[in-house]
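You will see chain A twice below: alongside chain B first, and alongside chain C after that.
Take a look at the complex of A and B:
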């Protein structure tokens, strides 16, 4: 492939753009390795002695050794990371499986209620998390409960302890349920545009050979839409991993996710910049890794989601 | 007989899990919210215990200056952000639509900002805007210029800049994809007819990209109403109410003022606003499909 030669000013513009796009991220990365003293005194630039002390402070509750500079482990980011991981991974897997099946049905079958289903999917896509805050808070705390005298509720209460009824609020499953629901419309939307491209003749050939509808779906269609699945997985993971508002309404002390801890620790007057930036960086690393390895899929998914719509 | 019925049931079996989850966790809550918005409801009550007050919440909000200001801030934020991002994003796409080495690396770097958690984006910008230790004021100081009170007097502008940083790449990538799928023949013809680069952009590229651009702008507009975490971390809605967008006000009404009924009514206003936008987007898409189909038919008839 031949590349065109460009004017030097053009390359200068490119460098400036890259600097603007990545600058803040690099700055935060650098700062997460500085002591607070260095951040505040303004020894700006790249000349400083890097330290991993901030990361040690952030993760003190899951480190196997005790960092020397800490007497007491106040910030429990380690546990929050584990919560975030569980919630993000489980909800991504569930959303993909369920969303994929629904998208397949919407594309390949004509059935009663198909148009309603696809219109509803489109409409709920615009619902902002803030709108869901009030009802989800009310429902998860009061309605979606198992009676403590009931069979299952009593069993859960005896096993895990606690008083009162067993409710969805404060559990991992409660947060996962709302994330799956929130992400489904988007995943269905994206995957539809990938499933349309699978040649129908392939499926018919499999059917002639005696495969049932589920076999056709899992063995023929799924392998062909892998790029779409990758894109959908990344978008779902990103939302579940990054979300703050609903998680903060639904989680209790033991199920807090990382974004909640970051917000709680910045709203105070005196911000510990080093530690908070180290945590921010840890929160940012998984999406950054995905972006670097799967940018092609992300871009395909993004254009499919918007342009095809 | 048996297989025929199984085949008829197949689509429902594929749809069932998604339908059940969306019904339980999206549609039911939305209905619950509408129901709750007619009640004087605080978090310690269940919805059944809350008193029914009719449209009172909606009327109170309508005359509430704080709500109106918040609505104004939201609309200003959304419109400024979308216009600025469209102009910059499309401009960059037109400028960078060239055959250069490393384009894919460039695109990868550009999507980084929108993949990172909004909470973290807020954190970065809050640091950079910090009055004394922040990057911007330090740079201004070392250049001998007066400091700017970024998150004080100019809070809304600062918040808008951060959002532009995060989301312009989205528009850029979609616009670039649209540009690269334009029919080569039209551009070729224009070049042969001696159109300047500028004429090509104004008369050929932009009109041909228009359908994609409209959808992109509407998608971004809908998303602009969802922004919350970035602003929460940067300013917490302040100073005063200057950056308190509706999403933030809803969450504060529910958690700080403990008025779930009012918060639900506010959510409903926001939802109606978004519904209008979404229906608009849907209509535009349908219109385009119809036009494309008509054009295709014409071409077929001509040949």
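Take a look at the complex of A and C:
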């Protein structure tokens, strides 16, 4: 096998790009095994005595033993991790379910205002999430509430405790709802382009074969847009997992997600860099696993062989 | 099996009317071919029967029951699509059994049926392949097998062979003809290929511009076309058309045009019911024969321009008085290019059409 000799500048550029991509992660990984002293001193570079103390601090609420260096477990990583998982997974699933149906309707059905609806979904995506923050915060805290003396509200208060009316703010549902709303336009937009590629005659063949509208959708269309669903899932999961701004405003002590938890480590007096790095490494694992799993579904040429040769 | 009847079928897209009242009855176990050029409404008609297009006006009856309000799945018919429309995420067996699985038939029955139809179309060894791993001809067979598995009495084909190469198309055409003898079903077949129409059909329905031009057996349509369109559409190479005027010359009616004056046989002349007027003379290329000694009243003098050798036959492209005429001959006939030669026409090969209405006379 003979390779063309490339310009050295080409390799220099490649190295620079790789360094830019991998560098921060390597730095984070290395620092997560350092004591804060080593990190701050800055002189040691890559030569240091590794310690898992930071990870012990981060995971203190789910470890089976009590780390020696801690007298109080302040960080509830386990709880936040589960919150993050619930919020990211549920919002991803909801976004995909609603998104694929909406996209299908926009592509296949002819109804008044279809083009407007299609365009509007994309325009909504252009609104920065920060703009949503204030109105949503107000609505979630004051408008979407169940009276604590009411039937359902009363039941929830009796079961889960707490004071005041039962509001969306501070609940998993509140955050999930806003994430779904935020990600839905883009997912609809991605899936539309996949659904357009499903040959119409496949759906017609299924209809003639005796399939009803839902059977056509679930047995023919959905399997064929799996790559699109996977791409959309990666996208949605990643955003929901990393989102900080809305989650910081809408979550409470019990529902905060991992990104919020990390920032909680900074205080006026002290920034625990080592713990932040360790938590950051832990934060990065689920999206990586999720992406590896989902990207397996992205097989190009799913519709190969459907229609003529 | 069932009898299908279309009554005054009309299709409109907005203000554009594409079908103008189609009346058609298809008897039991008949193989009906709808044939016509692109955009003549043949596919639309078929899709309306299948339930994939709404009926704007008129009604479709199956065994006397109106079905145009039913969903495709409730019409109990099977269809083979032009582009095969195989489900790419299912293997061949699952493609074939899709309809049966939707009907929730017992597993053993489904398996037996899949094996049976796979055997008919010769796919037994490919049952576990995905469509993507099959050749064009094999995909075509899967599409047929899928339709066969449904056990419905009505079989619809929407240009099923048009995506195959010429050799494969001929082969599949023959297989279709064999399959047609094995399975007794009412088949409607749409094609723009007149050879498929002629070889497969019990009844050909020639469509053009949203109207039925003529229907009948292939032989009827070939020998007695109802108008100039049908005459020109069926037959290959197509019929020659020459402008002519009817003239009475010494008691016999002649069709006189530029460079020819052909005497019409007495029976034909009588049937015409007119002795003058502008007509179009239609002659099939195979009805002309090289004959230097033919009399003036039964011959054309044609200047041979091109000879297209196609094996046993050759097609000569000739010129007479401004019009082009093709002649089909045995290849061994000695023909010199560029010469003007005399070709005799068989009297029964003369077709006359009114020049204005294009109807056969």
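Heads up, the rule we're going with is that the second predicted complex is superposed on the first by the 273 of 309 C-alpha atoms of A that agree within 3 Å, B and C clash if a C-alpha of one lies under 4 Å from a C-alpha of the other, contacts with A are read in each partner's own complex, and residues count from 1 in each chain.
To be clear about the criterion, contacts are C-beta pairs under 8 Å (C-beta built on N, C-alpha and C of every residue); 3 or more make two chains touch, one makes a residue touch a chain.
This structure is a prediction, so every number in the text was calculated from the model and none was measured.
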Partner chain in contact with A:104 - chain B first, chain C second, else both or neither: first
Partner chain in contact with A:295 - chain B first, chain C second, else both or neither: first
Partner chain(s) touched by A:90 [first = chain B, second = chain C, both, neither]: neither
Touch count on chain A, higher of chain B and chain C: B
Touching partner for A:128 - first (chain B), second (chain C), both, neither: first
Chain B versus chain C as contact partner of A:220, first or second or both or neither: second
First, second, both or neither for A:202, with chain B first and chain C second: second
Which of chain B and chain C A:145 touches, first, second, both or neither: neither
Overlapping contact positions on chain A, where the chain C interface meets the chain B interface: 302-303, 306-307, 309
Residue ranges of chain C touching chain A (in the complex, touch as defined): 50-52, 71-73, 77-79, 81-89, 98-99, 102-103, 130-136, 139, 146, 150, 163
Partner chain C, residues of chain A touching it in the complex: 199, 201-202, 204-212, 215, 220, 223-224, 301-309
Residues on chain A engaged by chain B in the complex (per definition of touch): 1-4, 6, 13-14, 17-18, 20-22, 24-25, 27-28, 31, 39-40, 42, 44, 97-99, 101-102, 104-106, 108-109, 111, 114, 117, 120-139, 142, 177-178, 180-182, 184-185, 188, 213, 217, 238, 241-242, 244-245, 249, 259, 262-263, 266-267, 273, 276-277, 280-281, 283-284, 287-288, 290-292, 295-296, 298-299, 302-303, 306-307, 309
Footprint of chain A on chain B - complex, ascending: 6-8, 10-12, 14-15, 17-19, 21-22, 24-30, 32-33, 36, 41, 43, 46-47, 92, 95-96, 98-101, 104, 106-113, 115-120, 123-128, 133, 135, 138, 165, 169-170, 173-174, 177-178, 212, 215-216, 219, 222, 225-226, 228-229, 232-233, 236, 246-248, 250-251, 254-255, 260, 263-264, 267, 270-271, 274-275, 277-278, 281-282, 285
